[in-house]
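Listed after this line are the structures, all set down as structure tokens.
Shared between the two complexes below is subunit A, which has subunit B as its partner in the first and subunit C in the second.
For the complex of A and B:
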């Protein structure tokens, strides 16, 4: 089995802290996800997601604050609107839309963070490496 | 990115053991040796591991290397940046490296504590260090911007909250503009007779405060006025205020009252008297109004509508009536703003089963407040709609429009106490029977439950159950409800019903929020920055909220918030200037196509559209650095400093570089 490479974009205020919470509780999850801290989930453009695939990622996970809790009030509203469109576009261009996953994780939700990471790592492991799909 | 040459930097990498927290799982020596060797071509010139990087010795290690080895970039792999990023940024600063040229990566909370396999954990640490090194060479020095604070303050809303806030600030020696849309300050509290739980007279405690605010040398009171426009940012707001024409020359008016005595036009007073009483076309809402000057209600004035009358003008002893007065537009500069715009009462007509508006002897809570007020339309007598008959029995219905999924899910927090107050007042004034229909009794305030016990002992009938319907019958009204304590339907005949309607956000709350650049909750209450730790600040620096505009609350809580908001503002004024976010967004005017997508996406209205140029422009002092605009801009014309595409892509390449090489060693 190959070891998938996953890029995780986490907003600084909720989800990154949620990942810290998981750590403080010593919860375990697979090491495949490389977390990139960004101010808000709204910072991530569709372009950056696609770029991650181009640079070798097999999956991209984007986590932000729950709707209504965004540190910047409505930054994540944009995420919620733009990412489903990107998934459609990925499907259209032949990239499995499951390779991109969006969810909301609060600073308190260490457990949810762990579950989400485990499940997403499994999903991506079940897919062939991204480079092969693109051949 | 590939086209550009990688910057030549001298990077120092520091791996923390954190005692055994990290070193117990991650092979830290291996990581630092590896970084020194494998990342040399990325710019790493020093790589060390150390027991506790955050200790003063650890920090000195960095400072020494910066000076002796000429480091231009620093990476620390340790705990969460939420804990020690500031520590290391300061260390860099002290040694002459700009704090934004430092990068921290988290190998404790997000590696050693969550990874079981030691080899895997070590590999992940290398990947994280490589990512941080990849990114750090693209980081740019940033300087914080400082803006001076204008010490003047705007308070919007002159209810008890706004009055409190204005007085606190004015007493400290700063100047306040207090803007109130009604002819007088006072808000809802001025309408009440008695206040729970002490039953002290509302006017007796409020009037002195109103008077102080009205006469304070540091308060410019603008009543019958409204804020039209707000521009700028913390420290530097420019506010446009419309002072509506009162048609009274304030400098001449003595408030003698001859005009409203002589005015022949009677108007139902929907605001102050809650529709229960009348006022004239020229009026002050109540005798203790501050300021004392009346206003002429243009829509109802016979002269304005029909062209003749001018009774007030004829009788005014000082010649203060000015029918040709115009609205005035004022522009004021302030550094901070406090919103204290209060609440509206839920419109009980929305629940047809309760018959308000159709059954004459169903009253709202505010009508009842006016009725019991000695200065009110019935001069304090509790009577039916006919104005003379005293009711023998009264039902008070709790939670009207509150805790009801058809109207408002929330609890209005004051209605239980206010209903108990009504029970007491009915008993005191009529001696009649009182029935309270409640869902749950909520009396969690200082001396509140004691008040509840006292009212029960006064002989009030408590029925636990939601009222289904109020109908006419048996010569009066019949209240139907399921008594959930005995599990029976009850039909209670009464003469009068009082609906304790809930509090709701002001009808124009959304508009006001937008004007001041703040947000509203689903129920349109203004949203505070943090529900527990920052209850009066908002996400917009320099704009504060206090009192019932932030959510239902009683007078003590409103006053406390008014004072709290004042304290926050005074602490900002005391600083003289304020540091604002350095990692802000920037538009590249050359590539911007002028689509305005970013303008709409910014949660802070920080992006201006320069019509003449057809380009977007970020007002740095308003930008909070979220990057939402960057994610929106199709031609990639916006850059968010410290989170540029270049930096993020370098970070991901750095991370995956390691993952790849490991895959290869495994294959081999």
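For the complex of A and C:
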């Protein structure tokens, strides 16, 4: 089995701290996710996600504050509006839409963070390496 | 019943005295149909007025308005072109007070050629021809029915033919940004053909056409590689209708969903976890 490469864009104000909470409690989760801290999930444009895939990521996970809790009020509304469209576009182009995953994880939700990462890593491991499918 | 060409000519003749020019199609040198600005000074040019093939009239309007933002013009537009004009208006690209719309209704064979769901105008006060029903889009249906690996192979092959001429972007009435993401090397690398798969150029363009594309198919028509890219835009348009309850060009006052704040009920329809 191959080790999938996953890019995780984590919002500084919630999910990144959620990851910290998980780490501090010594919760175990798969090491495949390369975490990139961003100021807000709304910073992640579709272009950034697409480029992550182009650079060889097998999956991209985007975690932000729950709707209503965004540090910038409506930053995560952008995420909720454009990422579902990007998933559709991936589907129409023949790319498994499961390769892109969006969820909301607060600073306190260390448990949820590990579950989400575990499940996403399993989903991606079950798919062939992205670059192979693109050849 | 008089034919559309005669009626259109009469309509234009009536409008001409009140505007600086009427944008429509003319048979030019070599018998080639192209957009032309008819004026009262040269009304004899109306002898060469044409209806078909469809040519990018709104795009020509865009070029004229860039140089003469206050020009008072009229434009002959089909359903898709009218939708394009409405979206241009919503994105502050033109002033509808200065523009008289002459709606031209498409005929069956024209609608079938364009696989058009809405071959009629809805906003134009002046209209020519009788509106007909939309027709199905067999190409989009065929591609949508493919399996995931088939789609993947299909689009890979199509995008491999792209020579990155940027024609599809240039012709689109909805592409008007001064700084274009498709010219940014961070997203679309230069100097590589065929471009690496998946094509950043086409995926970024498809994302940027979301809730803007009016299905005029000018991009497909202009493409030297015959890439059926509007299929993507049409599928996304259907999702936009379901998720955001928005149809580009359908209404004058509905806010476009590019305003990036969630409206009532939109989150529930996004398919994201609750």
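Just so we're on the same page, the second predicted complex is superposed on the first by the 135 of 135 C-alpha atoms of A that agree within 3 Å, B and C clash if a C-alpha of one lies under 4 Å from a C-alpha of the other, contacts with A are read in each partner's own complex, and residues count from 1 in each chain.
Rule of thumb we're sticking to: contacts are C-beta pairs under 8 Å (C-beta built on N, C-alpha and C of every residue); 3 or more make two chains touch, one makes a residue touch a chain.
It should be emphasised that the depicted structure is a prediction, and the values quoted were computed from it without experimental measurement.
Chemist: Using the touch definition from the top, say if A:104 reaches subunit B (first), subunit C (second), both or neither.
Modeler: second
Chemist: By the touch definition at the top of the document, which applies to A:2: first (subunit B), second (subunit C), both, or neither?
Modeler: Touch status of A:2: first partner only.
Chemist: Of the two partner chains, subunit B (first) and subunit C (second), which one does A:84 touch, if any: first, second, both, or neither?
Modeler: Touch status of A:84: second partner only.
Chemist: Looking at the overlay, does A:74 come into contact with subunit B only (first), subunit C only (second), both, or neither?
Modeler: both
Chemist: Going by the contact rule stated at the top, is it subunit B or subunit C that touches a larger number of residues on subunit A?
Modeler: If we count touched residues of subunit A for both partners, the winner is B.
Chemist: Could you look at A:23 and tell me whether it touches subunit B, subunit C, both or neither (first, second, both, neither)?
Modeler: A:23 sits against subunit B, while subunit C stays out of touch.
Chemist: Report for A:47: first if it touches subunit B alone, second if subunit C alone, otherwise both or neither.
Modeler: Once the two structures are laid over each other on A, A:47 reaches both partners.
Chemist: Does the superposition put A:121 against subunit B (first), subunit C (second), both, or neither?
Modeler: Once the two structures are laid over each other on A, A:121 reaches no partner at all.
Chemist: Give one of first, second, both or neither to describe whether A:15 is in contact with subunit B, with subunit C, with both, or with none.
Modeler: A:15 sits against neither subunit B nor subunit C.
Chemist: Where on subunit A do the contacts with subunit B and the contacts with subunit C coincide?
Modeler: The overlap between the subunit B and subunit C interfaces on subunit A comprises residues 42, 47, 51, 74, 78, 82.
Chemist: Which residues of subunit C touch subunit A once you look at their complex with the stated criterion?
Modeler: 143-144, 146, 148-156, 181, 186-187, 196-198, 200, 203-204, 206-207, 210, 231-232, 235-236, 239-240, 243-244, 257, 260-262, 266-267, 270-273
Chemist: Within the complex, which stretch of subunit A touches subunit B?
Modeler: By the definition above, subunit A touches subunit B via 2-3, 5, 7, 16-17, 19-20, 22-24, 26-29, 31, 34-40, 42-45, 47-48, 51-52, 55-57, 68, 70-75, 78-79, 82, 114.
Chemist: Across the complex, what residues on subunit A touch subunit C?
Modeler: 42, 46-47, 50-51, 53-54, 67, 74, 77-78, 80-89, 91-96, 102-104, 133-135
Chemist: Which bits of subunit B are touching subunit A when the two form their complex?
Modeler: Of all residues in subunit B, those touching subunit A are 80-82, 106, 108-111, 113-117, 120-121, 123-124, 127-128, 131, 519, 521-522, 527, 539, 583, 601, 603-604, 624-628, 630-633, 636, 640, 643, 645, 648-649, 651-653, 655-656, 659-660, 663.
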